[in-house]
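Shared between the two complexes below is chain A, which has chain B as its partner in the first and chain C in the second.
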Partner chain A sequence: MENFGNLMDGFGIVFSFYHFGLMAAGVLLGILVGVLPGLGAPNGVSLLIPLTFTMDPISAIILLTSMYWGALFGGSTTSILFNIPGEPSSVATTFDGYPMAQQGKATQALTLAFMSAGIGALVGVTVITVLSGWVTQFALKFSSPEYFAVYLLTFCSFIGMGSSSPFKSVVSMMLGFAFAAVGMDGMAGNMRLTFGITELIKGISFLVAVIGLFGLGELLQTMEEGLRFDGIHARIKIRDVWEAILSLPKHWMTLLRSALVGCWMGITPGGPTAASFMSYGLAKRFARKKDGFGKGEPAGVVAPETADHSAGTCAILPMLALGVPGSATAAVMMGGLMIWGLTPGPMLFIERPDFVWSTIASMYMGNVMAVILVLTTVPMFAAILRIPFSIIGPMIVVVCFIGAYQISGARLDLWLALVFGIAGYLLKKLDYPIAPMVLAMVLGDKTEDAFRQSMIFSKGSLGIFWTNSTLVATIMTLAMLLLFWPLIGRLVGRLRQQRTPN
Partner chain B sequence: MFKAKLITTLLASALYATAAAAAWVPEKPVEFVVASGAGGGTDIFARTIQSIILKYKLMNAPIVVLNKGGGAGSEGFVYGSASLDDAYKLTFGTNNEYLLPLVAKMGYTADMLVPVTALALDEFLIWVNANSPYTDAKSFIEAAKKGDGLKMGGSQSKDTDQTLASMISEATGAKFTYIPFKSGGEAAVQLAGAHIDANLNNPNENLGQFKAGMVRPLCVFSSQRMAAGPKVSKDMAWSDIPLCKDSGIAIDNYQMPRTVWLPAKVSPEAIAFYTTMLKKVSETPEWKSYIEKTSQSDRFMTGDELRAYTKQDAERATAVFKREKWIVQ
Partner chain C sequence: MQNPSGILMTRLTMEIAVALAAAIAGAIVCYGSLEIGTGWGDAGPQSGYFPFYIGLFIVIASCGVLVESVIEQRRYKQIFLTREQGYRILTFFLPMLGFVAVSMVLGLYVGLGLYLFGVMTIQGGYRIGKALAVCACTIVLFYFVFEKWFQVPLLKGPIEALLKIY
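Right, the complex of A and B next:
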């Protein structure tokens, strides 16, 4: 219970008018940054860093983490309203969030997303509080084979769960891997697939692809379907917010499962993106009615949001305790930490317990405050959908292209966004799922690195994925089970059928 | 009479010229292009300088920091050299500016940027896990000579870490399997978890693990011991770490300069302005504390001295690249 005492000390430090003011400012700025596509949490936080130079580290980290929470919530908002995820980890939220908004249930979708995200975050911080000592030990056990196994598990939980054939999922995924391979090959230090184009050296940003595939592709389809959003006819009622909150207990199983997946992926550290995809996949697999997914199923919003935020909060722990940032934003904050004169690592907990535990305490309060603040913005954002499509449509196009350009200021990205937009439209028409491609683009690089590092470790023997540790063997077995689950399920079913006549 | 007038005119114009030279000041926001991702060593270098300039108001123009770490940092150098007379793009890097184009086609050449100043030299050390049997560099090298050798982790491929690993092998006959990770930080954690046998991290990259007693430094690649100071781990200060050349590894000096660059055709006045400003930065107590915290060597170089340094550094690396057949034409 030593942790509990420390946490109380942390609360003592954080409880001040100044810190609450910083929290509110951070959250509001974060929402703004999250809602504007192309800006995103990492950029927002790095813009704020110069402001923190004159602050003491505790106030500074409170401001930055609060902004991070705000940005995560803001990112979910655009995913649901415009099908443009602000952060990689809110891609999975678009699958059911956007259809809900189209059906005029934007208020419910936003409320569900915010509430489940808040719950996920609180579970995450609780896990950090209770397990902080043990977690660092666990994370040290992770080497390249273990990382690869975790990523493979994410991919496997995704194949075959789509409404289309597993074959089409695999095709889409492989295309994603190909796009992820463009640019510098980190393992050999050579250029790949750049065709002599300088702007391709940095690779194809997954965000550009997402803006094209989801944002522009969706617009093309909406236009074909007759230029309308059903959201126009929806009335915004404050009662909807309450009803959505009251419907949460129905999803307790999804909440629990997703929070666990999130915590596990945040600590390991597989990251929030892998967590949200995996928990969406699992939610669908274990749902009684699978047909609703992808067409506006509330559980399809609850699952990725919960996992995303619990992983996001849990990822702060490896950053503080090991100096391994779990996400791009965490990497920026770590840079800040060093400028303020702190060294992330195992000794931070011993040398500066006041800093560590105030950070953790502020995570409880920051997330509660963020949920309250974003819930009050729901009616405002939902009202955006009442604007006729002929006005909002062109605006989304402009926002998409600004967002694409903003990522790295490269003109080529505008063309890429356009190409991905057309590709997204065509893939949809041909019933190829887009999600596996995006997943592969996000995790492809890391997966490849982990695989090739493992191969150097083992001198080219695949056996390393089973023999390196019981940990890696367990994860690999789980992955294989998930991959072949449809086949196994069918086999079991057939065996049962044969037995019944006897 | 006429002569006197001429002299005054000449003098006046000369004075005017110097006044004009001193008067070059940025009139719009200056971009700090960082050739690494956020949180990397170069990023902290640039942002520390930014914080000092802000604190002492060394420049009135606002500063915009841009992280362009794609392609091992080449994205930043391509961006920084996009227009050769743009005095508003200051690019921050290491020796990667002139080493990257040697090993891969990068979309820029080393001479498209000129070095303004180097402000610090980062050290390289051999680190092993604290539970490993190697207590000095000698026993470590002996172990690496046997069988398949040892597993050496490092940051990036064909970069400073792998180059140094190759130089150690060449100098001693030790064998290493080099495993590239995304960053020195990752290599540090892999070493703390005993998944690799050693890494060649900069002091700052392994500091957290060193303090906690999870890793042990064997020697430093420098011609003199690191700055004295309080104990970092339970029983060791930075200055207690022996020199590699005294432990039988015949590499005198291996350091990485922290450098600032401008496009090649920027006016000398602008270069002079930034040089003076960065010189002032390097004299502040905040800079000293950055150097101390990151355990680098304080070394301000500019002009011919810096040019000679980069030339020599590039030549030495080129020899290694040729031997390893990494050179691209």
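Right, the complex of A and C next:
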């Protein structure tokens, strides 16, 4: 029950007009970013980080997390009204959300999406509240080899569990590590990989990479597909809202299942996108009448939305407790934490309990506020998408570049953002996963430090990762299993095939 | 645009090109690490120790991608880019490139104005007067949001210096 008391303290800190104002501002900006094509949650959070440099960390994290919730909601709005997923994680919402809107049930679809998203998020925060004390105690036993093992596990799970080619995951991830290595070497103090370019001494900021990869890259992709907004006019009718809310209990099984899928995928680095697809698939498989799916089945909106948001919220837990973010947006936020001078990880719970618990408390309030705000402002945001693209497009581009410039006021960052934009477009089109690259850029230095310190302990023997403790051996074995999972899976499949002809 | 669905590039070509580019990047990382020492120094591993293996992994994995795409050629016979798509990309990308280049010399505000004006009149088909008005409003809005409200100075050029705006 210690967690509960801490949570109450957190509520006490968050409960102020200033913080509520930040929450509302964050949610509204988030919805805006989620609705606009090309700007997503990771990118939006990157754009905001430079503005939080002068804030205190609690206010800053409230602003950033609220923006994240807002962006998730905004993404669902465009999925339903325009059949354009504002976020990769809301692709699955378009399957049934847009057909529902076409049938004149836009209000119901939106309400169902927002309410189930809200429920998913609250389940996620509750899981965080319950688990965080336990995770911290577990993590306190960690020293450098254990940390390296956890980082390795995170990266290996991208390789083993990702849907793209394992080679491509490795390339993307290792490029991220290489970008992180550019600049000053934190341990020895000399310059690395700058090739005589003075502007590279400060390193390549992961924020520039995110703005390029996610923002500009996604815009290029949207442009290539040809942008068409065949929007459905949404007028929120109060009666329909109530009707939809009253129909929610019917979907309790879907809600519960999707929330669990989401929590699991959020804590392990599967991420919200994988969670929403998986939960949509499960809902379809377990449904009594399957043919409704894809033609406007309410459960097809409830399932991905719940999973998307519970995964989004749960991704914050490993970020705070272990320093291992569970999604690209969480990775960006963690980078922010480090910029504000906080070290994510178990020590954060001991040194800054006020920060941790007000973050968690603000997640409860932020999500409730997001549901209310999004329901009341949907028509306004839908109207933004009716501004011609020849006006809104250049503005989005300029905001992206301004965001890149703001980080450190370097001209080179503008070119870097452009290069990352081209790279992001190409990589995404060829099914290279982008999230591992961002994660590697954020975790690169910490991973390297953990590795080098372990090497110093063991005088250069890799054996330390198996002999230091049973904990590290278990994590390493798990990591290796995940790393070679694509191979193991193929082998098992072949063995089975050989057996069947007999 | 005689052949709007004409193929500009196949997926296989692009797979190979990107894999080769990644391999070259990996090789550069290895070379850079070798310059600063990849061995064992007085205080443990030297600075180049970790990045060297990172570079090596990039080279190996991109060779893996290369082999994979050649073996599974049939799967990659798809179209990467049609002419029409290529055209759409260029009409979006070139103005963006122009914006960055102009901003480098004249600052972000002038860049923004020219960029928005160009896209609105040439691609959007707006009249010059209307486009000018929208550009002016946007520049003023951006100025107040960033310089006054958030207090983050943006890149400025000689024109701002002439007008004594800092």
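FYI, the second predicted complex is superposed on the first by the 273 of 502 C-alpha atoms of A that agree within 3 Å, B and C clash if a C-alpha of one lies under 4 Å from a C-alpha of the other, contacts with A are read in each partner's own complex, and residues count from 1 in each chain.
As a convention for this text, contacts are C-beta pairs under 8 Å (C-beta built on N, C-alpha and C of every residue); 3 or more make two chains touch, one makes a residue touch a chain.
Predicted, not measured: the structure shown is a model, and the values here were computed from it.
Peer 1: Please indicate which partner A:Val397 is in contact with in the superposed arrangement: first for chain B, second for chain C, both, or neither.
Peer 2: second
Peer 1: Using the superposition on chain A described above, determine whether A:Gly203 touches chain B (first), chain C (second), both, or neither.
Peer 2: So A:Gly203 only meets chain B here.
Peer 1: Counting only touches as set out at the top, which of chain B and chain C does A:Ile456 meet: first, second, both, neither?
Peer 2: Touch status of A:Ile456: both partners.
Peer 1: Between chain B and chain C, whom does A:Met174 touch in the aligned arrangement: first, second, both, or neither?
Peer 2: A:Met174 contacts chain C only, not chain B.
Peer 1: State whether A:Asn190 touches chain B only (first), chain C only (second), both chains, or neither.
Peer 2: both
Peer 1: Let me test your reading of the model: by the given contact rule, A:Leu414 touches which partner, first (chain B), second (chain C), both or neither?
Peer 2: second
Peer 1: Once chain A of both complexes is superposed, is A:Tyr405 in touch with chain B (first), chain C (second), both, or neither?
Peer 2: So A:Tyr405 only meets chain C here.
Peer 1: By the touch definition at the top of the document, which applies to A:Leu426: first (chain B), second (chain C), both, or neither?
Peer 2: After superposition on chain A, A:Leu426 lies in contact with chain C alone.
Peer 1: So in the superposed three-chain picture, is A:Gly335 touching just chain B, just chain C, both, or none of them (first/second/both/neither)?
Peer 2: The first partner, chain B, only.
Peer 1: Could you tell me which stretches of chain A are touched by chain B in one complex and by chain C in the other?
Peer 2: Dual-contact residues (chain A): 50, 185, 187-188, 190-191, 409, 453, 456.
Peer 1: So in the complex, the part of chain B that touches chain A is made up of which residues?
Peer 2: Against chain A, the touching part of chain B is residues 37-40, 43-44, 47-48, 50-51, 54-55, 63, 65-68, 70-72, 74-75, 78-79, 103-108, 151, 156-159, 177-182, 185-186, 188-190, 192-193, 195, 204, 207-209, 211-212, 214, 289, 293-294, 326.
Peer 1: Quick check: in the complex, which residue numbers of chain A touch chain C?
Peer 2: For this pair, the touching residues of chain A are 50-51, 165, 167-168, 170-171, 174-175, 177-178, 181, 185, 187-188, 190-193, 195, 216, 219-220, 223-226, 388, 390-391, 393-395, 397-398, 401-402, 405-406, 409, 411, 414-415, 418, 426-427, 429-430, 432, 448, 451-453, 455-456, 460.
Peer 1: Which residues of chain A touch chain B once you look at their complex with the stated criterion?
Peer 2: Where chain A meets chain B, its residues are 42, 46, 49-50, 53-54, 139-144, 183-191, 196, 198, 201-203, 322-325, 328, 331-335, 338-339, 341, 343-348, 351, 408-409, 449, 453, 456-457.
Peer 1: Give the list of chain C residues in touch with chain A in this complex.
Peer 2: 11, 14-15, 18-19, 22, 25-26, 29, 32-33, 36, 40-41, 43-51, 54-55, 57-58, 61-62, 64-65, 68, 80-81, 85, 88-89, 91-93, 95-97, 99-100, 103-104, 108, 111-112, 115-116, 119-120, 123-126, 134, 138, 142, 146, 150, 152-155
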